[in-house]
Amino acid sequence: MADERELTVKELAEHVGGRLVGPDSIAIVRVASLEAAGDKEIAYVEDAKHFDSARASQATCLIVPENFAFTRSGQAAIVVARPKLAFARIAALLHPQKRREPEVHSSAVIAASANVALNVYVGPGAAIGDHTTVGARTRIEAGVVIGDNVTIGVDCVLHPNVSLYDDVTIGDRVVLHAGVCIGADGFGYVRDDMGYHKFPQIGTVVIEDDVELGAHTCVDRGALGRTRIGRGTKIDNLVQVGHNVDIGERVVIASQTGISGSVIIEDDCVIGGQVGFGDHIRVQSGAVIGSKAGILPGKIVRPGVWWGVPIIPLAEYKRRNAHLGRLPELLQELKELQRRLDELERK
Amino acid sequence: MADERELTVKELAEHVGGRLVGPDSIAIVRVASLEAAGDKEIAYVEDAKHFDSARASQATCLIVPENFAFTRSGQAAIVVARPKLAFARIAALLHPQKRREPEVHSSAVIAASANVALNVYVGPGAAIGDHTTVGARTRIEAGVVIGDNVTIGVDCVLHPNVSLYDDVTIGDRVVLHAGVCIGADGFGYVRDDMGYHKFPQIGTVVIEDDVELGAHTCVDRGALGRTRIGRGTKIDNLVQVGHNVDIGERVVIASQTGISGSVIIEDDCVIGGQVGFGDHIRVQSGAVIGSKAGILPGKIVRPGVWWGVPIIPLAEYKRRNAHLGRLPELLQELKELQRRLDELERK
Amino acid sequence: MADERELTVKELAEHVGGRLVGPDSIAIVRVASLEAAGDKEIAYVEDAKHFDSARASQATCLIVPENFAFTRSGQAAIVVARPKLAFARIAALLHPQKRREPEVHSSAVIAASANVALNVYVGPGAAIGDHTTVGARTRIEAGVVIGDNVTIGVDCVLHPNVSLYDDVTIGDRVVLHAGVCIGADGFGYVRDDMGYHKFPQIGTVVIEDDVELGAHTCVDRGALGRTRIGRGTKIDNLVQVGHNVDIGERVVIASQTGISGSVIIEDDCVIGGQVGFGDHIRVQSGAVIGSKAGILPGKIVRPGVWWGVPIIPLAEYKRRNAHLGRLPELLQELKELQRRLDELERK
C-alpha cells in the first residue's frame, strides 16, 4: 500500500521530538511489530506488560517510553512520552500514501464543464459530471463515479468504485474507501391509501477536511437541509449515516453502526460497532457508546460511557447483567422462603 | 438532485386538491423547511406543536391543516387534510427526478443481442449483457453492470455501480441506489467430511413496480425458486435479503436489517433497522417490528407491534424492561424478607 | 446463472455413488424442488416429514434416503445415505458455473507489467494494476478494479464491481461476489490533542483456496501483519472482517456479522448473522455462535453453542430467557410473601 523511504534513526527521533539512545546513523526503512521486526525495521512498545517482548525484539530500533529499562546495548532506541503516537507519525513518514503521477486516464470520462486541477490522477473508467470541481493532487481511482455540481478539495483519495451523487461537497485531505456512497436519497416517505410517496430528498451532504470513511459506508443527502460530517472524523466500513445527520469533529464510529435521520453527534464522541440510533437523538460531546448499543428516538445522551438496548450507564449495565446471571438462584431463594413461611404459618 | 420549475400557488393548490387562502398568483420554485423557507418557497405544518414556528416562518406559502389559525395576512396558504402528504406531492412536482437526454455513452458496452429502448440513458462505462431488455426512459448511470437475460421495465433509475446478475427481472419505475446488488448466490451449503458444497443457487429475483432499494442493499437470487420484492415496497441502505425471501407490497424496511432465506413478509408490514430474521419466518400483514429486534427461525409473527430478542409484544417488552431496572431493589427486598423470616423462626 | 446439460439418471446415480431404482435411461436436465419439479427434473427428500410431499412430487427422478418407502412405480429414484448432499453434487454437474470464452474486453485496462494468463476472461471496464498476476481460467467481470502487486489464482470468479487494493493474495477457485472489497485500511488511529493519526495499515490480506465471499463483504488489510481467510471458508453478504483477523478453514459466517481487529476464529466454526466480535477474541475450533450474539474483547470462546450479549452457553441463555418471562409473576410472589410475613409478625 505504500512506497518506502530510508531514514536514519536520528532523523526519525527528531521528527517525533524523542531522545535517541545508542547509535544514531543506522538506516530504517520500515515499521513492524515487536515480534516481526528485524533488520532496518522500527517497532514500538508502550505498555509495561510488553517490555519483555520488546527486549527480545530483533528490531533495529525501538520506540520506548521513559520507564523502559534497557538490557541490550548496541540497539538504537527513541525515548518519547507516547511511543504508539510516535510510531504512527514515523510510519506516516516511512510509508507515505501511495503517489500517482498526475494523469487522466484515456478511458476516464470528464464533463467539459468540470473543473479538474492539472495535477490530479483520474483512473481508468472514472466518470466526473458537469460543473464538478476537483482540487489539486486529489487521486480518483478506477471506477469512481462523481455526479454533477460536486466539489472535492485538495489531496483527497477516492478509492475504486466510490459513488458521489450530485451537489455533494468534500473537503481537503478526505479519504473515501472503496464503494463509499455519498448523497443517495434519505429514507423518508409519506403514506396514503395507495402506498408510499417520497418525502423530498433534495438537500446536500458536506464532508469536512481530514475525514476518512470506510469501505461501503453510506452517507445519505439531507431531505431539505444537509447531512454533515465534521472535520477529522473517522468512520469505519459499512456504516449507515441517514439524512440530516450532523456529526461533529473528531468523532470515531466503528463498523456497521446505523444512524437514523436528524441525529446530532457532537465533537469528540466515540461510537462502537453495530450501534443503532433512532432518529432525532443528540449525543453530547465526549460521550462513549459501547458496541451493539441501541438508543431510542429523541434521546439526549449525556457525556459518560453507555451500553445496552436501550442504553443505560455502563456501570448500571454491568450491575444489571450480574443480577441477570443470578436470576435462577434468586428464584430458588424465593421458593425456599415460601416453604419456610408455609411452615411457620402452619405452626 | 433536481431541476426546478416555477408554479403559482393556485396551480399547487389545485394539484393537491387544497383550499387556497390569500393571494393566488404568487410563484413558488422550491420546497423548504419551516425554518429555512423564504422567498418563492413553500413549507408545511401538520402537528399543532409546530403551529408557532409556522406562524413565524418566512415561507411565501404554507401548507396547513384545517385547524391552523392564521395570524398573518398577505401570506398564501393551502389548506388540506394531510399537509405532509400534500407537501410531498408538491415537492415531486417542483423537483422532478433528474432527467437525462436519451443517450448511450460511447464508452458503454451493450451486447449485440440486448434490446434497449431508443430513449434510455446509458452512462459512461455501463455494461449490458446478452438478451437483456431495458424499457423506455430508463436511466442507467455510469458503472452499472447488468448481466445476461435481465429484464428492466420503463422509467427506472439505476444509480452508479449497481450490479445485476443474470436472469433478474425488474419492474417499472424501480429505483436502485448506488451499489445495489441483485441476484448474487444465496448462502446455502451442504457439509461433508471435506468441507462445504454449494447447494444450488440457480433461481431468480423479481423486483416489482415502484420498488426503491437503498445504497448497497443486496437481494440474493432464489436457490431453486425465486426471491420477490412486491410492488411499492421501499427498502433502505445496506439491507440483506436472502434467497427465496418473499416480501409483499408496500412493505417498509429500514437500514441494515437482515432477512434470512425463505422468510415471508406479507403486505403493509413495517420493519425497523438492524432487525435480524431467522429463516422460514412468516410476518403477517400489518405487523410492525421495532429496530434491532431478533426473530427466531420458523416463527409466525401476527399483526401488532413487536420488539426485543427474541421478539415479544411491545407492551410486554416495555414491562419486562421496567422490571429489569427494578432487579437490584428486588434482590434487596428478598434479602430483607430472609432476615425477617430468620428472626421469626428464631422466636 | 447456469448453462444446462442433459444426463441420464444412471449417470447421475453413478456420480453420487447411489443405488438406482426404476428405469435407468431417462434424461434429466435440471434440479428443482419437490413441489415445482416436473419433466426431466430431479428433486430430493431427506427428512421423513417430507416423505408425503416426495410421493406426490411430479419429478422425473427423486433422490431419497434408505428409509424412504416407494408407493409409485415407474418413477426413477436414486437411493443414497445423504440425499441433500447428493442433490448438491448433481446440481453442480447439471448446472456448472457460467463459462465465458477467454477474452480481454477492449475496454478493460491492464497494466503492461501485469501477468495475466492467456485463457482468462476480463470484462468491460475492468482494471488490473502493475505487477499483478491472474491465473488460468479466472473470470473477472465488468467493473472489477484490481490494484498493484495482487496475486489471483486459477479458476476464480470476481463478480462485477469488486475492488481489490494493492498487495492482496487470492488463492485458487475463490469466488468474490459483486462489490466485495479486499484490502482497505483497517480502522486504527492514535489520538493526540489535535485529533486522530492513522496507525499504520500497511499489511496484507491472504484469501486461501475455495473461499467464497458474499456481496459487499469487506476484508481489511492487516495493520502490520496480515489478515487471513482460510481454505474452504464461506462468508455471506455485508460482513466486516477487520485488520489482522485470522479465520481458519471451513468456517461459515452469515450475513452482516462484524469481526473486530486481531480476532482469531479457528477451523470449522459456525457463526450466525449480525454477530459482533470485540477485538482480540479467540474462537476455538468447532464453536457455534448464534445470530445477533455479542462477544466481549479478549474473550476465549470454547467449543459449544453460544448465544446472547455478552455470549453465554445456549442452554443458559434459554433458561435465563424463560426466567425473564417470569419476572412479573416473580414480583407478584415477592409481594405476597411480604404480605404474609407482615401478618405473621403482627401476630
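Which chain is which? They are A, B and C, in the order written, and residues in each are numbered from 1.
Just so it is clear, a contact is a pair of C-beta atoms (placed from the backbone, for glycine too) under 8 Å apart; a residue touches a chain by one contact, two chains touch by 3 or more.
Note that the structure is predicted; figures quoted are calculated from it, not measured.
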- Message: Please report the smallest number of touch steps linking chain B to chain C.
- Response: 1
- Query: Same residues or different residues: which describes how chain A and chain B meet, taking over half shared numbers as same?
  - Reply: different
- Message: Taking only the C-alpha atoms, how many degrees of rotation bring chain A onto chain C, rounded to the nearest 5?
- Response: 120
- Would you kindly tell me how far, in whole Å, the mean C-alpha position of chain B lies from that of chain A? 27
- Query: Listing for chain A: what residues touch at least two other chains?
  - Reply: 107, 125, 143, 161, 179, 216, 238, 256, 274, 324, 330, 334, 337, 341, 344
- Would you mind writing out the residues of chain C in touch with chain B in their complex? 1-2, 31-33, 36, 82, 84-85, 87-89, 91-92, 95, 98, 105, 107, 123-125, 141-143, 159-161, 175, 177-179, 210, 212, 214-216, 232, 234, 236-238, 249-250, 252, 254-256, 273-274, 291-292, 321, 324-325, 327-328, 330-331, 334, 337-338, 341, 344-345
- Item | Of all residues in chain A, those that touch chain B in their complex | 107, 109, 125, 127, 143, 145, 161, 163, 165-167, 179, 181, 183-185, 187, 189-192, 195-202, 216, 218, 220-221, 224-225, 238, 240, 242, 256, 258, 260, 274, 276, 278, 294, 309-310, 319-320, 323-324, 326, 330, 333-334, 337, 340-341, 344
